[in-house]
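So, here come the structures, one by one.
In the two complexes that follow, subunit A is the common piece, with subunit B as its partner first and subunit C second.
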Partner chain A sequence: MSNKMHVKLNVNGQDHEFLAEPRELLIYALREKLNITGPHVGCETSHCGACTVTMNGKSVKSCTVFVAQANGAEVTTIEGLGTPDALHVLQESFKEHHGLQCGFCTPGMITRAAKLLEENPNPTEEEVRFGIAGNICRCTGYQNIVKSILSAASELNAAKEAAQ
Partner chain B sequence: MKDEITREDRVANLKGMGCSRKRVEDARFTQGKGNYVDDIKLPGMLHGDFVRSPYAHARVKSINIDAAMALPGVVAVLTAKDLEPLNLHWMPTLAGDKQMVLADGKVLFQGQEVAFVVASDRYVAADAVELVEVEYEELEVIVDPFKSLQSDVVLREDLVAEDGSIPNGAHGPRKHHNHIFTWEAGDLEATEQVIDNAEVVATEEMYYHRTHPCPLETCGSVASMDKVNGKLTLWGTFQAPHVVRTVASLLSGIEEHNIRVVSPDIGGGFGNKVGVYPGYVCSIVASIVTGVPVKWVEDRMENLMSTAFARDYWMKGKISATKDGKITGLHCHVTADHGAFDACADPTKFPAGFMNICTGSYDIPVAYLGVDGVYTNKAPGGVSYRCSFRVTEAVYFIERMIEVLAIELNMDAAELRRINFIKKEQFPYTAALGWEYDSGDYHTAWDKALEAVDYKGLRAEQAQRVEDFKAGKTRKIMGVGLSFFTEIVGAGPVKNCDILGMGMFDSCEIRIHPTGSAVARLGTISQGQGHATTFAQILATEIGLSAESITIEEGDTDTAPYGLGTYGSRSTPVAGAAAAMAGRKIRAKAQMIAAYLLEVHDNDVEFDVDRFVVKGAPERFKTMKEIAYAAYNQAIPGLEPGLEAVSYYDPPNMTYPFGAYVCVMDIDVDTGVPEIRRFYALDDCGTRINPMVIEGQIHGGLTEALAVALGQEIAYDDMGNVKTGTLMDFFLPTAWEVPNYETDFTVTPSPHHPIGAKGVGESPHVGGVPCFSNAVQDAFRPFGNRHTNMPHDHWRIWQTANNLGMHD
Partner chain C sequence: MIPAAFEYYRPTDMAGVIALLQEHGDDARVIAGGHSLIPMMKLRMADVPHLIDLQGIEGLSGITVTDGVVRIGAMTTQHEVIVSDALAAAAPIMKEAALQIADPQVRYMGTVGGNVANGDPGNDMPGLMQCLNAQFHLTGPDGDRAVDARDFYEAAYMTEREDEEVLTAITFAAPTGGYAYEKQKRKIGDYATAAAAVQISKEGGKVAAASIAMTNLSDTPVWSEAAADALVGTACDEAAVKAAVTAMLGDIDPTEDNRGPVAFKRHAAGIVLGRAILRAWSRA
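Moving on to the complex of A and B:
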């Protein structure tokens, strides 16, 4: 299987070029080739959302995107959302409201939540629940995840207002 | 010396027991910097993948690996033949049976491991799996345990003697070649007599279906055999790393000090990661054979098909009572489907776990339990999915029997529970099946719960709804689900609890650094429970150093003291106790140091939050930080330098958390869709270490209970094909299906636990499953329902309505 193709990806603001088989999955390229291990593999069938990343401005499950499809794309993973010195509001609020336990779903969940709040900065609880329904968490029962996201939303909005 | 801050502030600064300390684990997880087994990458590492059986029962006639070996990148293909010279083609199970590591002549369940391919990367390994040619000869498949006990088909030829006789199993005599054990508790004769002569008897049969813990992270391992130093390092998803080390040593012949087992971050366990799986063994062997590290990580389908199912109990009950509802006796028989190998992860003396807690929270004078374990062509496992050993089955059984008895008596089920609860003054209470319940106050909890939900109001509303339904005004009926549970956790006393002969104590080792910070290591391992946060809180309170200055380490057998791991809600009851005891040893030495520094007698100083003070003169004190420094830097006559302690804790008894749950549910009889309107959960887990973490555990456990009760199952067809092998068919609730829960509590400390804590992680699952199920069944009770089996998915609920003529 040596029909490898040349792939360009911009991940978290950094350009990468590498060779990949066309059948290779984006999650595999991220984790195994680029050592970006924040996104996880929970099912490989698009059900769990542990592998969620943002690709060209949309949430995608990177376990069901061929890296060939992602060629030339801009990808954001959990690693690109905040830095240890400047955490994303969601990273803070998940800790504050106990929105995680084992942490396995967390990178995908926060990455999805960040996109959701861009799409809908003022979601209702129902909209949050619907908006993260593609991300499964086995530990928390979601209650505190929803709380974390709603609280992050109001914080982001308050910051926006203050800036105006 | 006068202190500058108040005592209150000093307590707050400790972040000790009772406060909702934020979790220290979260920083790395929220930034994608967790370190799970699949994140481990070692130079030259190879990847393993299994060839698995498509058949549930077949002879393996031949395996041809030539084509696979010819594929570039393939390094090895292991079969049972390769493992046999090492005596690793079979391995012992935790239940005293043995299990094939790779198919030895036959396969016994779909998805069974047949060959292990080792290749340069995952894609090559997967390609090679396709190229391994296996010739099978199909055999008759048995998926029904009752048929299995009648069948001439011998599933386990290795367990039948040459003359055709059936030798004893690990748990005594076997009645049939597909029978594993009979296990009994209680007094059969007395129970039968009471039931035969009772005023009222209710009988019921129920099936607690097979399901799976399905943590978001699947199982996996990385083995690295360093041939130069003779050391084997094994990283993996292990809920019991020390046990894995001992088993690995016994199996491989490598001396235990030359094996290091590490549990890195674990993405949820829920019982799935207690057992020892063929993947672990094969990654070890492959690393020994190839001389480089080998990683094995199962995919979701492999996870659901082969590692660790839960439940699969066929339960038959008889409960007797007086006319006014006082329960007089209980009889329970279980036919337990264990699959192809008995790989249950129960303490050795309890082949049906703690199923003998099935008298529940009730004062039942006489009872009997009999359990028959049976082999079938299904995956092995039988783990405790978010519960102590088989306690969910026990609690489901009794909470359904109570409901059925209430129907028989035409009585309110809440009232029936109330008049049969074990009374506060009866504790410690010895139940008819042998356990000694440590403490409880059930009536207080029950009253609080019923009042919180306005129970009377709910029943009135329900009665109105029944009328409205009958009058054709609504198609939605309403159920009030009740459950009151008593858990039995914290296994357990070494005198009756061991796994493979290893006593189920646990341990904590503390080292205080000169500047007054500390590292503590325990024999347990967190899979999301937040041990690094909460164990530090226990220690902070015990030794008077801030939790922020205490690092907790678990999961590395080279550094952590030996312990039996984390499952069955045993971490707080056992390791938490060890932490408290080790902390007290630190404090005892600190007291001597303080007395020396303050120039008074040992008995003239006392501990106060974060210091020792001279009795009656609180302005004279030495803080724990000062004491720590002195321990290392001052020669104190009669005392060794340093400040360290270790404690191995053998609990005197189990702990018995309890709780009262109420679920209010609306059901659309035309679609079968249940809608959870309200869920109230009162938990009593004794002393509360971190309320925030407790609530999080309760939300999570209830959600797993919702899953099991309302749709999650591992189903097989008659050919032994797994029908629920992906997340398409295996129900995991999303945020959309899950309600907000109301949590509440009472506090009844355990009298024998050093800090009075009982454990909580599994209570919500144990109490939640019957509560959700009872809500569904209660909705149909006014229309003639007595019992329907879980899982209550939309289709089955619709069928229930249909069978009751509600679509006519």
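Moving on to the complex of A and C:
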């Protein structure tokens, strides 16, 4: 039984259509069908968060979503947040505050952090730590990741105030 | 970690779901958030040739509080439980417990219905529902029925729900008094080594009523009537808490696993219950 289905996804504002087996995991559809390789496969068991994307406004682990479930969804990956020429505030902040070492966890970490700041623009350090608890980093010890996210939050808030 | 192939369906009404369940029997299962089922399918511990997605069914999610009765649709996510002001006011224990389940990403997907229907003794909601004396609303080929959470769990992954029935909602009377959900886990995102759900109401400085349920300390959640009885009528002093813990220890039946040997789990169960009682009492 390898019936393929038509899948429609909007990823980072672009519509895609392709054939896939329903059991294909969203992370593999993104990486292997659409060549969107920002989200990483760390554990494949729903534990590390390296595969985190935003799907219909929720932070999800794309290794734990069948592509069939995602059919019709809007997905944002790290590629949709910023570009090398125009980094997202969080990307700039991670760079500035040394919020990464090997970088493997970073796409998931930043995609999650973006959603966290959208829901809670003024988090405490504790709220940041709790909010990224689904993302594991083996390198940094989290200290600089938390610093990066807090700094991005104040920058975003300052920009918002200036705009008012 | 690729699951076996399956046929995927996304019906748009409940009749369609039930028809598929009837047609495929044992070979069919519904999927809600998928955060218990997909890991099991990846490990090939669950074989689901026909997978029926509930996301297209209207009216299965949402939280309402009407005349003191809380209703939570089966497809309501744990995240929605956490951010609901109505629920925080009517039954704050729900939020306290949901915040201790898994991690943010899992809580955006994981549903209350999936958590209680799953039948995994590690799930936190079943014990909580027993503490709250909730009713589970099921719909199937023979119509609708309600089952008390306290009668729903038979053994690990074995529940009162028939294969062809779908859980549509849970309801419970908004609890009164103090509450606490206390969970011992190895790290964020881990299932409980031991957890306790406690509701206590107070009158004239004494415990007027109490309800206590324990998680992951048997092959089903354990609602310990004896533990609650040990508190009623007391001033919730040290002796009463000790008596409640002793009574609870008579009702649980933990097994050894990677979270520790039986003696450790019994120890942890006593600690979490003691803490939960004191916190609930302080809020009563």
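Everything that follows uses one rule, which is that the second predicted complex is superposed on the first by the 163 of 164 C-alpha atoms of A that agree within 3 Å, B and C clash if a C-alpha of one lies under 4 Å from a C-alpha of the other, contacts with A are read in each partner's own complex, and residues count from 1 in each chain.
In this text, a residue touches a chain if its C-beta (ideal position, glycine included) is under 8 Å from a C-beta of that chain, and two chains touch if they have at least 3 such contacts.
No experiment lies behind these values; they were computed from the predicted model shown.
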Partner chain in contact with A:E21 - subunit B first, subunit C second, else both or neither: both
Which superposed partner A:A133 touches (first subunit B, second subunit C, both, neither): both
Touched partner set for A:T64, first subunit B, second subunit C, both or neither: second
Touched partner set for A:H47, first subunit B, second subunit C, both or neither: both
Touching partner for A:F104 - first (subunit B), second (subunit C), both, neither: first
Comparison of subunit B and subunit C by subunit A residues contacted: B
Doubly contacted subunit A residues - partners subunit C and subunit B: 1, 21, 23, 44-45, 47, 130, 132-134
Subunit B-touching residues of subunit A, taken from the complex the two chains share: 1, 21, 23-24, 28, 31-32, 35-45, 47-48, 50, 77-79, 82, 84, 87, 90-91, 94-96, 98, 100-107, 110, 128-130, 132-146
Of all residues in subunit A, those that touch subunit C in their complex: 1-3, 5, 21-23, 25, 44-47, 49, 52, 58-61, 64-66, 68-69, 71, 112, 116, 130-134
Subunit A partner contacts - residues on subunit C that touch it in the complex: 1-8, 10, 31, 34-35, 38-39, 41-42, 49, 51, 53, 55, 79, 102-106, 108-109, 188-189
Touching residues on subunit B, where the partner in the complex is subunit A: 22-23, 25-34, 36, 38-39, 41, 121-123, 127, 214-218, 265-268, 270, 299-300, 527-530, 692-693, 695-697, 699-704, 726-728, 732, 734-736, 738, 740-741
